Structure formats: structure tokens, C-alpha cells
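These notes open a run of structures that come right after.
Heads up, the next two complexes both have chain A, just with different partners, chain B and then chain C.
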Partner chain A sequence: MTRHRGRGIASINYPIGMNLGGDPSQALVHSNPSGKFTVALSSIDLGQGMKSVTRQICAETLGVPVEDVYVDTADSDTGPHCMGSFASRGTHRVGNAVMAAAREARGVMMEAAAEELEVNAADLDTDGRGNIHVKGAPHRSISTKDVAIAAQFKQGKTISGRGIFLVPLSEVNPETGEMSPATCYAHACLVAEVDVDDETGEVAMVRMDSAYELGRALNPRLVEQQLVGGAWMGVSHALYETPEPYYPEPVHCPRDFVEYLMPGPGDVCPHDIAVLERPAPDGPFGAKGPGEMCANPVLPAVANAIFNAVGVRIDDLPITPEKVLRAIKAQGGARPQARR
Partner chain B sequence: MLELRKDIFADERDDNLKEIGKGTQRQDMLGHVTGTSSYFNDHKLQGMLHLKVVRSTQAHARIRRIDTTEAERSAGVRRIIRGTDVPVNLNTLLSLINFGKDDEPSLAVDKVRYKGEPIVAIVADSEREAFEAIARVKVDYEPLPAVFDVEEALSPGAPVVNETYPKNTFTYHEVYDHQKLRFGDADAALATADHVLEQRYQMSPIEHAPTETNGAIAAPDTNGRYVVYTSTQALFFSVDTCAKILDVPSNTFHFIGGTVGGGFGGKVDTLTEPLAILGAMLTGRPVRYVFGREEEMQFGPPRGAERIYIKDGVMRDGRIVARKIRAYFDSGAYTRLSSYAAVKCAAHLPGPYTIPNVYGDVYCVFTNRTPATAMRGFGVTAMDFAIECQMDKLAHLVNMDPMEFRILNAYRDGDMKAHRREAKNTALIECVQVAAEKAKWPLREEYKRASSRKDGGGSRAVIPPTPTDPSRARPAAAGQQRTSYDRLPPTVTREPPREPPPPAPPPPSPRPAAPSHGATRFSSVFGTRRR
Partner chain C sequence: MSKIPLQFRHNGREVAIFVDGGTNLLVALRELIGDMTPKFGCGQGGCGTCSVLIDGELHLSCLTLAETVAGRSIETLDGMKQGPNLHPLQRAFADNFAAQCGYCTPGMLMAAKALLDRNPSPSRDEVIEAISGNICRCTGYEPIINAILAAAGGRISA
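On to the complex of A and B.
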């Protein structure tokens, strides 16, 4: 028995938002009398961090601390329409809608502050800590709380905003496929390193190194959570999972997590990630979306690493020990390729 | 470990921001880690009933008779719901955006098209009593031949899975059984390429495997409205789908969701809400319909399998000159969202590379299996697997480093993409360079200096003349090496090792009279356009 080490790479891009567009999202932002803001959405937080990333976008746009913003989602009576949380569209589409709503609310807030401070609204700025001050004269300031009270109880203004973001629907040419599928694309390249056992056909992950370009990492910890978890979904897809192990024959289909094979804690390997930020012109603060694409480069990178290790190409997923072993036997033994 | 490479593209960004870019703790973190976040299934309502469905035991069969008399007498049963009780018992999800025909019943009436298809719903006092009643429902089936393979489904005489699409393919533009992509003359370029590589790839189905299974709780509310707690990934999508199926105005419903235990695309199909609401309408009581794990794994929609054929032409210097692709999405018995993914897949061709001649045909095919649906990377993941395995093989064919091979062919700002839009804001080259750096993978200086912002456009921005008629077969260029994929019987390795350099390509050979297994499949794929 010999364990052969190999490295493989893959590079990919990924379209952000529903293909062809036509998928609007809306947001409403309003202040309570204490100058705390609520964002009302109908978007879904699946665990990816929708509430948190829209909260940061709203806070940044309003110029208030993130603690002063709360995102309420999803209630069809109070949240305006959103197409849904899929197609890597949350950060880009909903983020833009929240930005637009927050910008409108900020406009009213600054007007109200200007009236209180008896200056022109264009001369005011926020400090991001809950105060609005005259540019260049930080001592002439008013808290967002006092502005909110004045706006509602004295000036009769609603510090609120509405936002929508829509990429208009593109047509598709039936003959050529000419179309506008997406307005921006995320990118990635991943190197997978594996050990392949030529006696059992088993593949063990050794490490992954990757670079992901996402426009802007609005919250690097949420990005890390997506990229680490997504890469493992990719490994699992490449080496373990399927509800139909003998596809296309629908037999021996697993029914639970005992029968459905997935990697366990002992199968995890180090993953060293670099994030690049080339802002998308139409992204909220340039952001694209890491949601879906993080798993994609892993599958081919693992397959290519297996070739590099033992010289076999497995083009049918998942790459089970049985397939690896049969292919090694068919070529008369492992044929390690040039070490990379 | 995550490293932010702020040094790259720094001139395109304003990094002077206060909240953006911070690793702020999630708004919902405390709730999640203390187990107090509220999910749909945390709503236990007074008098709540439980709904379960009778599922088909057959992959394809006519329903002769459904006998529920014994089930009706079963303990705890409050209501039995049949297809005829569903106000609009035919729908397709994307009818909301006017794409595709209604093709799927909520409860099967005269035919079942996959094993596990819902036929009858039973509302009972407990899940156990619902299951006991299900065991007493008798369905008399007349089995029909079933088809499980996408290419068999397209062959003449294949069983018709779904009568809405009698040719077992989704209809595009009301004319074609596939989505086309045409850019340049792929056949002409393949004829002049130094190497041609034909390959077949098979993507497996995969389960979304969310921690929380699909489900909904619907309850009568005041003023004739219904409140619905749901695991949906798309709140208004589900509201509008239910309004259509139940034939009531959408503001009849008050949907509440937003905190969901994982989705990955598997919670868009609105599978549980319509029946839960209908149960509540018919009984006047709250009704809960939640998938068990086996239902989620077997009858909840998976990522569909895809079969992909790629034929590439590459020159000795590493430039890819043509890419021809035929892809089949296994949609299962109904459309759901696979029709959409096929168009997204066509748009994705030929991957993030600038290739002057690209040809794609993407099919959405119906088979007698659980309908597939969206999943993370929908329309793209399988194609990326195929393309990137192919890129690795091409790099070996021309004896190039696989990283440098990708940089050489990468798309750059100003290039024309195959769907006829200019590439902008690209960053593939930089990702390859940084990944190489991280992995200590040596790149030659000229590849380290390459940039997405340089050397694009110009002649690479041109939309080439594109033939509309099927182009005639052309003789292969002298010296062309044709590499077809054929695992049976095992023969010598077709790809030369990286070192030493590969031998000179063999002399040109005419198209073989009896081509290999792989080549046969491939030419049959591209030779005729099936309708």
C-alpha cells in the first residue's frame, strides 16, 4: 500500500443575482423616537447572515453605529417584497435596496438636524457614533436621538426611507443565446492537496489554499464562515455525498444521516483563504456575494489533484474509493504525475 | 484562516468606511447559540393538527382507483384531502415570472410520475395517527414503463414522463427543446486545432441536507385570513404560489419566516405551505406539515444530476480556439426551476475564459425521478466541474502548467464574452496568482505580471461571424491530435506526463469508420438536433 500525494487546481467565476435579472428586492427603513432604526424586509436569513450584512449596510449609509440598527425579517404584512434568498442575490440585491432606503432616511435625518442646528444640511456630517455635526466644527453637533425626537414631535417629519433595487429583465436570443445574464461576477481559484491510497482507493484531504474575489468583504467573518463551510460542501460533493449512489438507477437511496455519507470532523483539513476585493460598480460598497460560488472550485480541484497523485481521471461524481480503485486497477497501478 | 489582500485593486476602492469591512458579531448570534431563535416549527398552536401525505410507491403509473374508506375510519383522522379538493391543482413555480407551463399537481390525480409523488393528504390529531391512516389508503396502480436516464428519455419511443412536455424536454422560446449559445464557428475552429479533446462528465444528484427540514404551520386568523409560519427561502414567492394554487387573493395570507435552518436552494419550491393552508381552510384548525428526514432526503427535491459533453480545440501554444458543449439537466418528473438553470448554464459558457468560438446546447430533460430544484451554484457547479477538469486535461495535452494555462486563457477586461456582452470588473488572473502564492506554486515571471486590466479588448472584443446553419463537417488539419474519452476497455494513458515533453503528435487520421464508444456518443450528441 502506498499513499500518493497530489495537487490540483481550478479557477472559476460566478454570476451574482438571478440570471437575466428581473428580480427586485425592497427595503423600508424608519427611526423610532429614540433615534434607533428598524429595517423591514421580507428577505430570509438562512444562517448566511442576511440580517447582519444588511444591518451593517444600513448603519454605514445612515452614519450611525451598527447597534442603533435592527433588521426585522421576514413578515409579509410588514416587509416589502423581496424575490428571495437564493442565486447569491442577498448582499447585492437586498443590500442595494437597504442602501437606497437608508440614503432616503438619512436625507430626512440631516434636514431635521439642519433645522435644529440652524445650518445648511449640506454642511453636516455624521460621526458614526450617533452624532451629527457641522463639518469642520465637531462641537456644533446634535445626537441622532435628539434629531429623532425633534423630527417627530416638533417638525412633523418621518425619518424613514424606501428602497428598491432591480436589474431589468434581459431577453435571450433563441438562436445565439445573446443575453445579459448578470451585472457582476465573483471569482475564485483553489488549490487542493490530497493523499490517495492505492490499496483502498480512499482520498484524504491534506490542505486547501484559495483566493476568492468578492467585490468587497462587507463582514470578513461572515465571508470566512461562508467560504470555509462552502468549501466543505464542495469536498463532500466531490468525494462523499449523493442521494442516488447508482445514478441513473434509483436504487439504494439513503434515508437519513446514517446512510447518507458526509465528511466528519476527522476528515477536515486546513484551508488557507485570501480574499480579494475588486468592487462591483453596482454593488453595495462594491460587494458581490460569496454565497454559492465558494463550493464550485473545490470539486474539480479535488478531481485534478487525484489525477496528479495517481494518474486516474474520475469524471463521474462522487469520486468514491470504489471508482478510484477500479480506475487504478484498470491502468495497472498508480501512476503518480509530476509533483507540483 | 482568512487573509484580506487589500493591496490588490486598492486603487478601485474607498476603504475609509466605519461599519463596512468590520467582523461585527451577527445580529442573531445570541439567539442562535442560546437556542432561543424562533423557527417556524417552534410555534405550537392550540388544537394543532398534523398533515402527512400518501406517496406513490411507483415511479410511473396510472392511478386506477384511490380507496380511502378505511383511512377515513382510522382513529384521529380529521380530513382526507384529494387532488380534486385543491382549487388549482396544476402549477409551475416560474409561472410567477411567466416562464414555462403549469405541469405539476399538488396531489396526483390520474397518474404518478415519480416514486414518492403525493397522492392524498391526511390531516389527523397526531403525526402517528396520520401515518396509521396512510397505511390504510389503497391505491390501485397500473404501472407504466419508466425512464431514468436523460439521454434515454430523449430517444425515440421513450415513455412520456409529463404530458405537458410530450418530448420529455422543456420548450425554449416556444420552438426549441434546448437553449442555444452560438459564438463564432466552433466547427471550423475545431477542424484547424492542433488537439481536439472530447470528454463526458456526470454530475451526481446531491441532497441539500439542511439542519431544519422543509415545513409550514398554517392557522386560521381573524377576518378570514391565515397566518403561516414557514421555512421558505423566498417569502413572497411562496405567498404568490399559495395564492395561485388556493385561488385566493395573496393578502389572505400573513406569512412569517425569515429565520431558517439552512436552505441551499431546497426551500424555494413551496412544497408544504399550500397543503398546510388547505388543511387549515378545510378543518378550521391550525395544521402543521413538516417533512421527516427521509421525506426530505428522498422526496424533497435534490440538486439534479447533469450530464455534460465537452469538445475542445487547443493549439500547441496553449490557446483554446473552440469549445463545444452539450449538457443535459435531469429535471425529474416536473420542471420546478431546472428550466431556468439551463439558461443560466448557457450564459456561463465557456467558463471564465476568452475563447473565440463557442457552441452550446443545454437541455432540461424530464425523467421519472424526484423533481430536482435549485441548489447552491445552480446551473453552474456541474459545468464548472466539467470545464475545470477539462482545463486540467488540456494543460497536460499541451504540456503547460495548469495555473499558467488558465492565466493564458483567462478573460480580461474588455474581452467579448460568448453571450455577447463585454467582460468588465474581471479578476480571475489575480485569483490564480494569489492562490499560487498561497500554495507556493511557482509561476513564471510573465504570468506573475499578467493582469485582468491589461491586454484585453482589441481583437478580443470582436463578435466573430457566426454561422446560423448547421456547418458541414470539415477535414481535420494536418497534424491534429484527436483525443476521445473512452474508459472501456482500458487502454494506454492518453495524456502524456508533464515531464518529459510529449512526443510529436501522431499523423493525421481520418475519422474512424467505427469510432470508439465515447466518440460515438459524442457525435450522436452533436450530429442531429433532436426535437
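On to the complex of A and C.
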């Protein structure tokens, strides 16, 4: 028995969002009499950080502290319409909608502040700490709370804003099949290193090194978290997971968590990630979003690494020990390829 | 079927309930005591999110008959924080981004607590073994392993 080390690479070009009915999302922002703001969405946060990122985008656009923004989401009865959390579209589509809504709300807030300070709204600025002041004269200032109270109880104004982001539907060219489903693309490159056992066909992950270009990382820790977890999902798809039976009888299908194979905590490997920030012109503060592509490059990179290790090309997922072993036997033994 | 009276300690507090014969501990905790921190994942011991401590030992509450814990001491995530302060493990999970969707988190925290209670400075391999009965679908485990090591000794593994 020999364990063969192999290295494989994959690069991907990943669209942000999709071409379904133009792929719109909406957001509503309003202030409460306390001077805090609520963002109403129906977009889903599955733990990927939609609430954190839309909160940051809203606070930054309004010019208020992030603590002063509350995101109310995940209920399609109370939030405006969203196409959903998929296609890596959350940060880009929903973020843009929140930005538009917050910009409109900021306009009303500045008008209300101008009335209280008896100045022109164009001469006002926010300090990001909950105050609005005359440009160049920070002592001429009013808190967002006092503005909200004045708007609500004195001026009869709602400090609110509506936002929608829509990428117009791209028609398919009937001759060529050509269309333009996305307005921006993220990119990634991943190198996977594996050990392949030529007696058992088992593949063990040794390490991964990756570089992701995903526009501006609005929350770098959340981006890193998603890339680490998503790469694990990619390894799982590449080597373990399938709802299909490994053997011809459907009765051998995995039926539960015990039989459905997934890598456990003992199967993880070191993963070095470099995030390259190239702001997207139409992204909220330049963001595209990591989304699904955190898993995608892992699959081809692992398949290539197995080829590099033992010379077998498996094009059927998951790459189980049985498939590796049958392929090695079919070619009469492992044929390690050149390491580059 | 007649009800069975059952008494045990729940996070340091004596509780007395009536259970149907065959009721599992997870159902007793969630539906009769109202402690929703142990989660129902698979109901057959495959995922670990229902993990609780019984007399300090890690158990799957979905596979434990409620009747068998009479007179014993049950710890759940609900009793983990110390007054208004998060337990060091909870703090470390937050600081190390060890939760995404959060569904595995109660079980992971209980498995980690069972480990650190008996072994305050575990190795990375010991941490991995301690959480190997718990499935996480989001994080890729690495942040969870790092959080437990951080809570154990202010160490973060490379």
C-alpha cells in the first residue's frame, strides 16, 4: 500500500444573482421616535450574515451608528418582497435595495434636522455617532433622536425610505443562446492537496489554499467564516455526499444522518484564504458577496488533485473510495503524475 | 397509559413533572419544562444537537428515557451562562464565529463543556474527538475547534 500525494487547481468565474424576472429585492427603512432605525426586509438570514451586512449598509448610508439600526426580516407578511437568499445575491441585491431606502430616509432626516436647526439641508452632515451638524460648525448640532422626535411629534414627517434593486431581465438570443444574467462576477482560485491510498481508494484532504475576489468585503470576518465553512461543504460534495445509493439497490440509500456520509471534525484540513478586494461598480459599497462560490472550486480542484496523485480521472461525484479503487485497478495501478 | 411522577435537578433547580411511560428526556425538557435549548435534530442519536449533561456526563437526550434521570442532575445550555455573563465557552464561540445557523450550537457547547469540565486543557485531537458526535453543516468545524481551544486556555491553534 502506498499513499500518493497530489495537488490540483481550479479557477471559477461566478455570477452574482440571476436572471429570473429581473431578480428584484425591496427594502423599507424607517425611524422610530427613539431615533433608532428599522430596516424591513423579507430576505432570509440563514446564518450567512444577511442581517449584519444589511445593518452595516443601512447605518453607513444613513450616517448613524450601527447600534442604532435594527433589521427586521424573514417574514414575507411584514417585509417587502425579496426573491430570496440564493444565487449569491444577498449582499449585492438586498444590499443595494437597503442602500436606496436608507438614502431616501436620510434625505427626510436631513430635511427635518434642517428645519430644527433653521439652516439649509445641503449644509448639514452626519457624524456617524448619532448627531447631525452644520458642515464646518460642529457645535451647531442636533441628535438623530431629537430629529426623530421633532419629525414625529412636531413636523408630522415620516423619516422613511423605499428601496428596490432590479437588474432588468436579459432576453435570450434565440440564435446563439447568449444572455447576460448578471451584472458582476466574483472570482476564485483554489489549490487542493490530497493523499490517495492506492489500496483502499480513500482520499484524505491535506490542505487547501485559496484566493477569492468578491468585491469589497463589507464584513471581513463574516466573509472568512463563509469561505471556511463553504470549502468544507465543497469537500463534502467532492468526496462524501450523495442521496443516491452507492450500490444499485435503492434500499441502500442513506436514510439518516448516521448513514448519510459527511466529513466530520476529524476530516478538516488547514485552509489558507486570501481575499482580494476589487470593488464592483454596481455593488453596495463595492460588494459582490462570497455566496455559493465558496464551495464550487473545491470540487474540480479535488478531482484534479486525485488525478495528479494516482492518474485516474473521476468525473462522477462523489469521488468515493470504490470509484478511485476501480479506476486504479482498470489502469493497472496508480500512475502518479508530475508535481508542478 | 398512566403518568409517571418524575423528579430531577434541572440546571440546579429541583423539578417535578408527570411523564408518559416511554417519554424521552428531550421531549420532557422541551415540552414539559419549557427548556427549548436542547434541539430536536434527528431524534435518533445521529446529530448531537439534543446533547445534555447527566451528572456531568454527555448524553443524547433524544435517546434517554426520561424515567431514567429520576434523582439525577441535568445540565442544559439554558443553565450555562453565569447570571448576566456568558460562559467563557459561549464568549469564545461568539468571538471565533463558531456559529452560523446556530442549530448545532447548543449541542456543541454541551459537548465542549463536558470536555473542559474533566480536561481543562485538551489537545486539538481531544477537542475533535469530543465534538465528533455532533454534526455542523455550516462552519466546517474549524471555527468550533478553535473556539473550544481558545476557551480552554486562551490558545488558538494555528
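One rule holds for everything that comes next: the second predicted complex is superposed on the first by the 329 of 340 C-alpha atoms of A that agree within 3 Å, B and C clash if a C-alpha of one lies under 4 Å from a C-alpha of the other, contacts with A are read in each partner's own complex, and residues count from 1 in each chain.
As a working rule, contacts are C-beta pairs under 8 Å (C-beta built on N, C-alpha and C of every residue); 3 or more make two chains touch, one makes a residue touch a chain.
For clarity, every value in this text was computed on a predicted model and none was experimentally measured.
Applying the stated contact rule after C-alpha superposition, one finds that A:Gln331 touches chain B and leaves chain C untouched. By the touch criterion defined above, A:Arg221 lies against chain B and chain C together after alignment on the C-alpha atoms of chain A. In the superposed model, A:Asn304 lies in contact with chain B only, and not with chain C.
By the document's definition of touching, of the two partners only chain B reaches A:Ala10; chain C does not. When the shared chain is aligned, no partner comes close enough to touch A:Glu118: not chain B, not chain C. When both complexes are overlaid on chain A, the residue A:Gly229 reaches chain C alone and has no touch with chain B. With both structures placed on the common chain, the touch criterion links A:Phe257 to chain B and to chain C.
Touch counts on chain A: comparing chain C and chain B, the chain ahead is B. By the touch criterion stated above, A:Pro265 is placed in contact with chain C alone, chain B being left untouched. By the touch criterion defined above, A:Gly47 lies against chain B and chain C together after alignment on the C-alpha atoms of chain A.
Shared interface residues of chain A, touching chain B in one complex and chain C in the other, are 46-47, 221-222, 224, 230, 233, 256-257, 262, 271.
If you check the complex, the residues on chain A that touch chain C are 46-48, 221-222, 224-226, 228-233, 256-258, 262, 264-266, 268, 271.
Of all residues in chain C, only 41-42, 44-47, 97, 99-102, 127-129, 131-132, 135-145 touch chain A in the complex they form.
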